[in-house]
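The structure follows.
By written order: A, B, C and D. Residues from 1 in each chain.
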């Protein structure tokens, strides 16, 4: 394996400790990356994978140790070599896709038409359709990813880093992405990607590196590692994460009463395009209604309308049988409804505020005297009850993504809401957190909470939902619970509209 | 009338364009006011000494850039709060101009050198008017047709993006502050050379109005220019109204502000759709 | 948790002293005397001390207004106009109700000022909450516009026909706050910051509404989706900020000038922003910051009056201090972070 | 960390404070050495730079003081009228100055108020009017006389056919920095009266800038007025006057200057100029005081007849640029004021 001429990148005892928080993100990591291979980096949330990738991409410089790029240490070389597709969207929202792609340290004028052609050629070649004129802030998560991918390919980067690329993709989209990665490998490029999902890693990676608590646990060819070993290295326990909690056969849900949530003939247009078309659904206590789809195919709009941010053009939203139009976030909350948004750092949490402050919106700290005292003691208890790794007075932005979601979910379930709207709950979660989250949702359902689950994740949809409907080009189709329909392939085709092609 | 409005809008446009650069780079440039005043002063001093338009304008730019360097010193080198640093410059500059003019011209605050009036006029039109519009066009081209423009436009929004692409956002910011000093320099020159005289305090709040114009114009070049013109139009109207309206003149002085306010409100009502961005501080 | 912020600012103050001393030594022919007038002379007699304390009281109120709006994510750039409005509303109240006994009249005047300032800021707040009109511009524009209207009122309909100043008729004696340090205007109003600062500190840190306000300030979108009434938290803090400015305006009227004289705001609004920023946007820092600011202004005024320090040199020193003081604020922040 | 820096800084601070206090001037020493020199303070409600009338006052006081061996200290108060009182109060509180001399219509009331606190402090206010039982010495110039003369001249200019810049409209302009009482009660009425006397049917277009320094706005205002048929403007707007002059120069129209000899500023554009002899008044009154003859509460009213305000006719520039017919007509009318045969009110 160790053919020196093929080594494109070498890490030597790389250590990174963040000065502000004292967090040791990477500790003494040494590894080599070879030409034309696909290397998967695995680890739990907060294990230090992203930091490692930042170091490799030249975005950060390591505190100690060195990164050799083709034998040299020049960070500029590193940047020229590496193209990174970030997990968090890292684009300038006000710039168009084209402008975001060509943004770089180069100087002078640019010729839009020439560049556009060049980029279009790349898009053509790798089948990555994306309207170059869209503003970046209009893009959905998969489109953002695509935009960065196009840039890396256009720049002819030899080493591509993808930070959790499949987190926000549907199954079909993920499979397309993997095909592309394999093709790139075939063209001699090197790919590093971060993932939690063992099955996809086993499918495409050549080698697998596992990181836990900032330390490299092991790196080896795929064939030499079993899923069980990987999982043990990742979480340090010898337990394989359980298979998805099987959708148990449940007794009939009582659907005779008043539905907790009823959408009737909901329609929505944006800039002349019909985004949602006569959506009808009813949701009853004690069931999880899964709504699958692709974000840009209306799922985002459903979320925005249900959380009160957007007003539909037609139709009604009834909560407990009462018309609550026009719905606002305030009205929604006043009705006791909980909401776990897809955009956690904007809608789900205030990153600049402390954990306690983020929990204070629960309004559970009645009593007299200093609110601060009550809040912090209550929040401290809450945090330890729910095993959130953090302190009450820690700023939320310093927590790992998984812990932020843990906090949000625990908070939203705390009040026993009649209805929970939850969107993409497991984005970016490792499988342990994901399992935990899923059982939390199932338990909430058992307690009689009605849950509307909006997700692009097919496995999640299938394993959690009592009923499933799929949003395709703004229309809603219910999936029958039959052998023929209740499976990932049928739903996947439905989601992408492939069944009608 | 049109020429009059463009004429009085010119210093505003120039200052606002400079402010727009820093604004897009993510810095609220409170110091515009001081920069304009310092440049107006330098333009008249050097213009009066040499009689040369070019040298006067160069001196004005120099003064603006000097103030910008001071702003950079306070904001970046000393890591100060840009707002307070800006206020500091606005306090400092008028005092410095008086001290300098005292040592140069004795006790004179007003400087009216011979042969300076009309120096910036060619064929009846102030050259700063086409210059301001030209610069606006140029800036628009820079913003949308050059790589630097992309960097500037993304700097205030996504510093991490720039870092990821190998660009240091802080040096971009510093650079933009200097450019805003340059633009304010032109604004000051347009102000004082247009009249052929320097009067202490003659910037008279133009830096602040320019800042307002930046926001009113939604931080876009055409919008900012339009906002400056709108304000000048309102002021022109108010000036004229003093002649025929039976309303007390002092009261009319408030009209431009209220008209601009009304325009701002109407734009906002029209524009408002989904508001989901976080507020957050702009100052610190 | 009870660590106080300001002690860490002491080295910075020392630095400021040093730099101003340097400037004075360079440009003054009698630097010793000038330095004396700039700094310790402020405490040398009742007039200077009283005036400084009075300025400090007013600045701490406007500074408090700024801190409050900052914390809620608003930027109140209209302080000048709000102070002015507060003063003129108090003048109007005194005109409309000339026959109240003083003990009742003064609170009524103050209340009128509070209402006036609050109303002006409320407009900006409600425009922000309803239509997302940028508060930074709207407060500035409204304040500038209203200031001109008040200028008109003072020089026109409300003017004192017997005075050559641009001023309204002086308040009757009973509506004036008595000086505690004659001949300075320092008066009983010093109680107000002593009450209001702890009150607001308590409110921000020890009540739920205070927390909700700050969450709205730090992430309005999260606050919205968490079911906080962001409309209120976008409108009310700005309104209260305006109210505090209005209060300062009414106090200037009843305690300092006793008449609605043009220019009575003397930068209270702008300097309030500076004081708030020097205080690091924290309520406990306000009083020392206001003291610092008032001392510098008073010191430079005295030095201009009594030594060979020119008006400009005084301003130059102030400008340089501005450049330094905020830098120091940041340095403290960094130190504390570690 | 915090405590550490505090501990380090505190002694430093205390040390510097002690040092500063030790700098305190030992003013009393001179008092022992026999004869005490008289100390005068000139308070400028505004700034000296660019305000010729204040410069004239300062000059006059210094001239008298030099003759009599008195000390003079000049203090600038800045433009904010609200700040003047505290500043004069601070001057009085120092108890160092025997006489405080200042100049502004609004200063008497301020000084009278301060006198209530410091009854021993003596004041001389130029441009100030007397009240019954006055406690300060005042000296008042007749703005009515001066503005009438300028108005009369403006009326002659606007109805003239000889001047290139004069049109057929009988409109003249008046631009003020602000609407202040002196302006509204004396200058504007006097000016209007004068215009009507010279050009029956003539009208005055009165406009306000809002401050004393926005020269650009002043220029815009003047431009607008010229466009609407005004051919001559009297400008009383401090530094902003310069904008009016620039506009007039551009448009080939005329400006009248108010309080100092302004012909030099822009020959041919400044067509007429009034003058207020603040230097003479300041000199004479200070001289009186130093001789012990100035009584607190005394007052002088000085108009054209007394020679303290006048229209400047003896200027080469005036004679070159103003047609003889106008000059003669003006002399005729001005002499009526000068010899007291015309009294205005």
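Note that a contact is a pair of C-beta atoms (placed from the backbone, for glycine too) under 8 Å apart; a residue touches a chain by one contact, two chains touch by 3 or more.
Model, not experiment: these values are computed from the prediction.
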Message: Give me the step distance from subunit A to subunit D, shortest route via touching chains only.
response: 2
Statement: Comparing B-C with B-D, the busier interface by C-beta pairs is B-C
Field: Remotest chain, subunit D as reference, centres from CA atoms
entry: A
Field: subunit C and subunit D: spacing of chain centres that average the CA atoms, whole Å
entry: 33
- line: Whole-Å distance, C-alpha centre of subunit B to that of subunit C, is 27
Task: Take the average of all CA coordinates in subunit A, do the same for subunit C, and state the distance between these two points in whole angstrom.
output: 47
Sites on subunit A at which at least two other chains make contact: 346-347, 352
Query: Of all the residues in subunit D, which ones touch at least 2 other chains?
result: 47, 178-179, 210
- prompt: subunit B: which residues touch two or more other chains?
  reply: 98, 102, 248, 250, 253, 276, 278, 280
Chain-chain contacts as defined at top: A-B, A-C, B-C, B-D, C-D
- request: State the interface residues of subunit B toward subunit C in the complex, per the touch definition above.
  value: 70, 73-74, 78-81, 83-85, 87-96, 98-99, 102, 205, 208, 212, 215-216, 248, 250-251, 253-258, 260-261, 264-265, 268-269, 272, 275-284
- request: Can you check the complex and tell me which residues of subunit B touch subunit A?
  value: 145-148, 150-151, 153-154, 157-158, 160-161, 163-167, 274, 276, 278, 280
Contacting residues of subunit B [partner subunit D, same complex]: 4, 7-8, 11, 98, 101-102, 107-110, 112, 117-118, 191, 194-197, 199-202, 204, 235-236, 239-240, 242-243, 248-250, 253
Of all residues in subunit D, those that touch subunit C in their complex: 1-3, 5-6, 8-10, 12-13, 16-17, 20-21, 23-25, 47, 75-76, 78-83, 85-87, 89-91, 93-94, 96, 104-106, 108-110, 117-118, 128-129, 178-182, 184, 210
- line: Per the touch rule, the subunit A residues reaching subunit C in their complex are 19-20, 307, 329-330, 332-334, 339, 341, 346-353, 357-358, 360-361, 363, 365, 370-373, 375
